[in-house]
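As written, the chain order gives the labels A, B and C, with residue 1 at the start of each chain.
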Amino acid sequence: MEQQQGADVFFLLVGAILVFAMHGGFAFLEVGTVRHKNQVNALVKILVDFAISTTVYFAIGYTLSYGITFFAAAQTISAGQGYELVKFFFLATFAAAVPAIISGGIAERARFLPQCAATALMVGLAYPLIEGTVWNRNFGLQDHLFASILGAPFKDFAGSIVVHAFGGWAAFAAIRQLGPRIGRYDRSRPMSPPPSSIPWLAMGSWLLCIGWFGFNVMSAQNLRAESGLVAINSLMAMCGGILAALLAGRNDPGFVHNGALAGLVAICAGSDVMHPIGAFLTGAIAGGLFVTMFQVSTNKWRIDDVLGVWALHGLCGLWGGIACGIFGLAALGGMGGVTFQSQLVGSVLGAAFGFVAGTIVYWVVHSAFGLRLSPDEERRGADISIHKISANPEDDVRLGRL
Amino acid sequence: MEQQQGADVFFLLVGAILVFAMHGGFAFLEVGTVRHKNQVNALVKILVDFAISTTVYFAIGYTLSYGITFFAAAQTISAGQGYELVKFFFLATFAAAVPAIISGGIAERARFLPQCAATALMVGLAYPLIEGTVWNRNFGLQDHLFASILGAPFKDFAGSIVVHAFGGWAAFAAIRQLGPRIGRYDRSRPMSPPPSSIPWLAMGSWLLCIGWFGFNVMSAQNLRAESGLVAINSLMAMCGGILAALLAGRNDPGFVHNGALAGLVAICAGSDVMHPIGAFLTGAIAGGLFVTMFQVSTNKWRIDDVLGVWALHGLCGLWGGIACGIFGLAALGGMGGVTFQSQLVGSVLGAAFGFVAGTIVYWVVHSAFGLRLSPDEERRGADISIHKISANPEDDVRLGRL
Amino acid sequence: MEQQQGADVFFLLVGAILVFAMHGGFAFLEVGTVRHKNQVNALVKILVDFAISTTVYFAIGYTLSYGITFFAAAQTISAGQGYELVKFFFLATFAAAVPAIISGGIAERARFLPQCAATALMVGLAYPLIEGTVWNRNFGLQDHLFASILGAPFKDFAGSIVVHAFGGWAAFAAIRQLGPRIGRYDRSRPMSPPPSSIPWLAMGSWLLCIGWFGFNVMSAQNLRAESGLVAINSLMAMCGGILAALLAGRNDPGFVHNGALAGLVAICAGSDVMHPIGAFLTGAIAGGLFVTMFQVSTNKWRIDDVLGVWALHGLCGLWGGIACGIFGLAALGGMGGVTFQSQLVGSVLGAAFGFVAGTIVYWVVHSAFGLRLSPDEERRGADISIHKISANPEDDVRLGRL
């Protein structure tokens, strides 16, 4: 018993460390995708967002989701070798993924402190509502709507909807609130600012992919519930995403490295019920969806989503929630126990809630503080404007740039 | 029982994640070692090769090696908490190391899609033959040749031969098929294109070293077979490789960071039977071997092996297979159960098979599609030629390079 | 029983791998903080220091600390699935942190081989004295001074004092021995050489943060002693450090990323006894302490500590040892079992021992070999002077710099 507990703590801890590493991935993915003058801001934003998220999730959010408060004495809360504490750590790294997702969409033009305030509201108040509803069956929605009426509880094993669609659609709202970067859509043909560094973009993607196996497999939360099926399905969906994005994106490195992420976003929900071939297809469709919709949304619809987080997390997450109701069916080789209608309704509701929450939070923050850098600050870049330093200070001194 | 199974799945999963991280290491090692104009291609190659390898290994290769096919229903194959599925994941990351090794040797001049086709053939058909023969005792070679005649089964605990020598000698064949880069050996003194970035090269080496502990220790495949001896021997061999390469390479950073890898390549085979001091010596010899033979092969023999993968994986792997028959002997402090003749014969056969397989596969692909970039494409670099983008697109725009 | 042992080996191995990854973090943190002309040296120093440290700790240091020698046959020492060997691996990664800490303080001006010699002395002889005294209760200090007189054994769960304060104060001595870099304090206002790359600095910080969870949690050394409290406290201290450094450092990216480390340094000692809110405060105070004292020590006191390792490891480590005697008290929500006086005395003694050991070792090495690069070598940079290559050799060739 005691040994089992120690092993469970270890299992979940490794998951928490891996998902924590994903936040480094978010940071470097943004560093490589934005322009040089906004690299420092990307790094500071992700790290500070993580700290703010963890703090407010500790103080408020986790209690809203699970009804557990940590203000008891250490002796009490560390019972069971501190399993509950590591569970908090694990789930805090999920909660902090929401502002990390949004960060990439609103990059290069948001003010720093207002964006931190929005992070606190999203993680402290909004995210716990969806997290608790889906995973802790708060408010009875799982029982009374999904299980009773739609045939099965809404399944979101590792967060295609709870984390990714929620975050991606909240980002969509935040991007609309902020508006496009200066000069982005001034002419008939959109001007696409080129990424600063493919190696940093790739490093971000690698850290995300590596950590994602913890995100998915450790979502079982203990060794008895752990399933190797989740691991292989994550692997196959990632490979499907890479290959589809390679084809759809014509060898473009940004698409290929984000294609891996698209597959992983989509597989979260159904990774413990699909057949590996279903997972591969789910990932491949996500890879193609990302490439297509990133281009459509940023070029045609003129939504200035810098890292394509709406297409990546919002749409591929939405697809993943629904795909769980397709490839999870026993008829398609899955483990069953899911229904298409539950997944469809739950996914759409989750995405819609993300959009509503994002709309409210970013509107409130914008109204109160002003979310956007001044045109002059934006032109000089967030690094110099906010952090008084560029990404390569030595070069600035050497080249007399500063 | 159930708990044991969960723990084994966890153990092997951590190994799989660590070896997956090594592929990021392969990518960044190549990014740092090649010239700027080929960095993007290095990144895309490794990621796409990983996806192709996993897919063909899932569809064909794993069945060839172990007789297990994954086309059953998910319920069936996920028995035992999906241990078999995680084992596939673990071994797929090994299989995918073969094209990752070759990639470094043929860098800066290979066409992309033909190279992908070669990857599929190597991982789908060639690698399973050696993997199954050594690790699954297919074809009776282990029983009838090694155990009966040479005194002991051929031992290759974590793949000095099966993965590294096989991949390194296949790379040797591929390099010969492709020929040297333009201008490399036009003059009496070879022109050595300088590496683009030592920090990226070092990052690649670090990711490889970190992941390598999973490559070696988790090769036990379950907790009962796990041995801390493997961990300390990997550590000591890595240190031996670093220090020998430092001395032989006269403080050169490329040699030092690859010296760590040389030691780790060499220790794979015998890591569970050597004494730590034997492991240190095995690694030190590998470090010296790599530095010497990289210089000899690329400068004297004019083999244009960009990352030195033949010296690193081919020769140090070969040495590692043989070293297992030396320092693994009880007389030299080892655990015994190995014979020098088994290790010598098995190692040479494995390397030879890699060379033959590489020769056939890359000849077939070259004949069918043409493996090599046109001289003009090569001069412009694989990034612009294949991926239509450079590693730092913003700089190109800013400096008017594109 | 056997299964328990396997699980413990696995647990400690994951810890060892994580702390090993921290060494990559040390390397890249230094790469990003130093100037371009010293990046290669930073990378080679950390990797070679790690190899030297491990080797001398294997040969001498570990025996001094724990009385275990590894020169027996492999069969003997690999008993219990090699638990003792993995324990060595884990503790060797701690020992090697000492020269890695010092490295950052003496960057940009130290000769390479003398610095390697100092590493061997620090890890082979000096560090085992403090490690054995605190953790193995050598010399009876824990029993006769702390437990009997000061009310409780001196507690340093994961090394705020044994590793960080010891290393940071030894670095202080080494920095004094070396003197400031040329031109650093020539004028009335100190000249601060700008860091070369914030992204590399950040990558170093991320690797350190990720690995740190292994440093702290796995210090329990087995699954029965493992505690989730250590994990959440590390998390909360890190977040406290980030937020305090953000405020004190006015959004500066170097301060924010080092602030995370400051919190983690400070929480090592008491991470298994504090309440998470105590941990947050401990980390926050450390973050503020680092920012303030880095500025005071390098600008006012003219101590040319390049990475601020004295403030980061020396002072925040010292604070962490003492904080364990404050927030560890049951009265402040902690688990108790510690006394303020034990922690104060032990912390000050540990830091003082680091300063004395560093003073002796770096004076001896300086007297014997000369620790400092010639002014000309220093001006050209350690990369070209020592390693005959720069961090971006291709650029040098292209721009005709070499």
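Everything below uses one rule, namely that contacts are C-beta pairs under 8 Å (C-beta built on N, C-alpha and C of every residue); 3 or more make two chains touch, one makes a residue touch a chain.
Just so you know, these numbers come straight off a predicted model, no measurement behind them.
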Touch-connected components when subunit B is not counted: one piece
Self-contact between copies subunit B and subunit C, residue sets same or different by half: different
Turn needed to bring subunit A onto subunit B - CA fit, degrees, nearest 5: 120
Mean-CA-position distance for subunit C and subunit B (Å): 33
Junction residues of subunit A - those touching two or more other chains: 7, 14, 197, 203, 207
Subunit A residues touching subunit B - in the complex, by the definition given at the top: 4, 7, 11, 14, 18, 35-36, 193-199, 202-203, 205-207, 209-210, 213-214, 217, 223-224, 226-232, 235-236, 238-240, 242-243, 246, 250-254, 256-257, 260, 273-278, 280, 330, 333-335
Parts of subunit B lying in touch with subunit A, wherever the complex brings them together: 2-3, 6-7, 9-10, 13-14, 16-17, 20-21, 24, 27-28, 31, 39-40, 43-44, 47-48, 50-52, 54-55, 58, 70-71, 73-75, 77-78, 81-86, 88-89, 92, 112, 200, 203, 207, 386-397
